[in-house]
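What follows is a short report on a single structure.
Think of it as A, B, C and D in the order they're written, each chain with its own count starting at 1.
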Amino acid sequence: MDDIEIEAVEETTLSDPVLIEGLPGVGNVGKLAVEHLLEEFEDATLVKRVYADCFPPQVTIEDGTAELTHVELHAVETPGEGPDLLLLTGDHQAQSNEGHYHLTDVFLDIAEEFGVERLFALGGVPTGELVDEPAVLGAVANESQVETLEDAGVEFRDDEPAGGIVGVSGLLLGMGSRRGLDAACLMGETSGYLVDPHSAQVVIEVLQELLSFEVGFEALEERADEMKEVAQKIQEMQQQQSLPSDDDLRYIG
Amino acid sequence: MDDIEIEAVEETTLSDPVLIEGLPGVGNVGKLAVEHLLEEFEDATLVKRVYADCFPPQVTIEDGTAELTHVELHAVETPGEGPDLLLLTGDHQAQSNEGHYHLTDVFLDIAEEFGVERLFALGGVPTGELVDEPAVLGAVANESQVETLEDAGVEFRDDEPAGGIVGVSGLLLGMGSRRGLDAACLMGETSGYLVDPHSAQVVIEVLQELLSFEVGFEALEERADEMKEVAQKIQEMQQQQSLPSDDDLRYIG
Amino acid sequence: MDDIEIEAVEETTLSDPVLIEGLPGVGNVGKLAVEHLLEEFEDATLVKRVYADCFPPQVTIEDGTAELTHVELHAVETPGEGPDLLLLTGDHQAQSNEGHYHLTDVFLDIAEEFGVERLFALGGVPTGELVDEPAVLGAVANESQVETLEDAGVEFRDDEPAGGIVGVSGLLLGMGSRRGLDAACLMGETSGYLVDPHSAQVVIEVLQELLSFEVGFEALEERADEMKEVAQKIQEMQQQQSLPSDDDLRYIG
Amino acid sequence: MDDIEIEAVEETTLSDPVLIEGLPGVGNVGKLAVEHLLEEFEDATLVKRVYADCFPPQVTIEDGTAELTHVELHAVETPGEGPDLLLLTGDHQAQSNEGHYHLTDVFLDIAEEFGVERLFALGGVPTGELVDEPAVLGAVANESQVETLEDAGVEFRDDEPAGGIVGVSGLLLGMGSRRGLDAACLMGETSGYLVDPHSAQVVIEVLQELLSFEVGFEALEERADEMKEVAQKIQEMQQQQSLPSDDDLRYIG
């Protein structure tokens, strides 16, 4: 077996597609955002699955059947004038340094095959506390990219995120830029304790502005309301006694 | 040396063989089950040994002599009308992500050489407490596989096991299915604290139903009685004072 | 992608160049020293970037833009009679054993391409306490190298550093020597708690003696004064109560 | 660079040589034994150095100069009628599973080049307490090897060592046997807390019996006396207060 294996599920042609990545991460902001887009764009077509020996060696049981760990790419021919989309998501990140690098390299190869010249890696930036009105922070490789993003509501703060951006999102930005792609990270502020559908929504709103598409937000808003209640309960618990364990808090949802 | 090395011990032909895997895991259910079958099928023939640099770098001392870590495949020409069996077992799992993937790939290569089109990966699913009448839970890749297994007594519970199936068992299911094999996991409920010969027996009883073979259970039942006594002693200890250490509990047997 | 990738930024020819390495380490002595030389030699030219899958999989945000983890080599045509310099620095070391070895091998390949026959790996040796007048300790592969270095003020102490020299500095010494290069480690004594600009200065002063160049030290002296204040504050804190956490102490600056 | 690199230092021919391995391990019994043989056989010739990227990435400072981590093979043309010896020792073991396997494979390749057909891997087996008259335990791959070793004073105990033999010693036994070599492990009983020159001596005495050579033991006996004093001091400390830390105990010497 090859270390990384691409399964071609369907062939399709996209028009000036933009790659949008949302793998698990802080607050699962990126993952929730891309999964929401997949629900809203009903004509999304699964085009590729990527399997790799750097993924956790396991199957996930969902809807009664087992699937080997993998990442999926879906093609969306958007109605309207905006670019088509190539959506990348999955349940796991690589489990090793080298794995992150080589997987990202493969994602970029696939993207370039589809004619992608622009990409957005989505994620969350942890603030340590609940945020009512999360900003969307941006990171780019070239100053020339900043203006367009600021016009769409992205905030750039000096030397933030501190500690850089780790994992596939950071590598898509860094390695994508080195390949000459217009690559950017968009990161919704989030507490870091809970999955954050509201932060995912704010990130999508920025993307809508940049890429001229439009989706509904009902499903995300419902989940955001549920999370508000969970957050309230946790605050009450914190006031009463000892903090819930990290396990109670971590990505409830 | 190759990273994974197959030693051909004996040549043999099998008729419509089914691969049955039982490597160490939760409650050692799978391992106990396959080892029991090897005792019961006296004409089982050792056909392959598999060595790998992802195994623990050690020799095991048994019956006075040392053996390099390896996994064994035994061929069983079953009396009666049921399919032949290819039994896979060993004392260790791979020690790395990548190792699990590449070893499973080799196991499937060997299985396909023997004409295997169907496989069962055996294991345990931990319940956290002693179970008198363990169910056998199933996991498959396709819904079409469910009915036959349910008829033989396998239970399918939505989204269980939570957290998926990790290790070679999960990968045999996932990678075997991707190769077009009829692959399933059968997992006996077990506490997770002790080796569980009774759970192994229940899993074999399901296999008997599915594969039309018949073995005795005396050896397993004796071990199960021993484990009952151990379990009782532990319950008394727990009631008296602090829990025994994890080392005392783990796989006593 | 290759495991290690060299990006050629600019071509240049150097005259009898000496490689000077300063990657992150104890007290960041080596890194501060090489970064200081890069500031002082204004005509330094970035000639190579080295990317690798053994680096942390991340981008660093600096001056508003993101850069993929890498190491840089800068060429300096020194005024005066001393040899030219090839300066190697970066923000991260390899994250694995094998990575250290293979990266060092690549650094030596690049150095030899430039005609390097002599190298200095710079670092710090931790004393466990603040040192007012740090010595510069030396390590070499051959006794014949000792005299020249002692004449320039380097101290050689039997079997020090205890525990050897770990990481790229040690490997440049060991692997460089095996390639027939004149390789040495210069290590400024430092507490190990704080970044140490003063120790970096003392190391550069030795290099100046050895390589006949001259730089100013104002920037380093300013930073050293800042660090003195920080060190004093820490001593006061230690006297008052419990030690600050390791995080408070570690490389403040 | 290759992952494992053999440096040919000198050519020599040996007559029916026996490989004797003594790398760091429990009580450093094997290492002390082989180092003692190297001191006693003054005509020992360094024939090979082996470097590897699975070794710790460092240089060791000894006698004022730095050496890159490596393992050494020395050839000994023994006076008298016994076989010649190929002695393998070093300061470090591989740092990864895969490293152990591939290094052992290379050691066996080198051994076979020299015409080795028989090998002894030396080590210690920890008893948990100080032993006045340590036995030498044996492990072999084939029952046929037992008698000769028992006649020389080696003890075979059922299923001991429990947990098998981990590291290069175990692999030399397992992988050497698979290559058709007459391979055995000899393990001196030792506390596990301290380096044990006396246990090393007992192991050499067995080897002398088996291989018809003779060496003096003065140096080892001196070290053993020193260790007796250290052991006594530790026993006094243990009686007075809390146990010394593991670090205080570990391989003092």
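Assume a contact is a pair of C-beta atoms (placed from the backbone, for glycine too) under 8 Å apart; a residue touches a chain by one contact, two chains touch by 3 or more.
Because the structure is a prediction, the values reported are computed rather than measured.
Q: What's the overlap between the neighbours of chain B and those of chain D?
A: For chain B paired with chain D, there are no chains in contact with each.
Q: Quick one: which chains contact chain C and chain D both?
A: Common contact partners of chain C and chain D, which must touch each of the two, are absent.
Q: Report, in whole Å, the distance between the mean C-alpha point of chain A and the mean C-alpha point of chain B.
A: Going by mean C-alpha positions, chain A sits 38 Å from chain B.
Q: Between chain A and chain D, what is the separation of their C-alpha centroids in Å?
A: 53
Q: Mark out which residues of chain D touch at least two other chains, giving numbers and ranges.
A: none
Q: Looking at the whole structure, which two-chain pairs count as touching?
A: Applying the touch criterion to every chain pair yields A-B, A-C, B-D, C-D.
Q: Within their complex, state which residues of chain D touch chain C.
A: The touching residues are 1, 3, 7, 51, 53-69, 95-96.
Q: Going by the contact rule at the top, pick out the chain D residues touching chain B in the complex.
A: Residues in contact with chain B: 97-98, 100-102, 104-105, 139-143, 146, 156, 158-162, 164-168, 170-171, 173-175, 177-178, 185.
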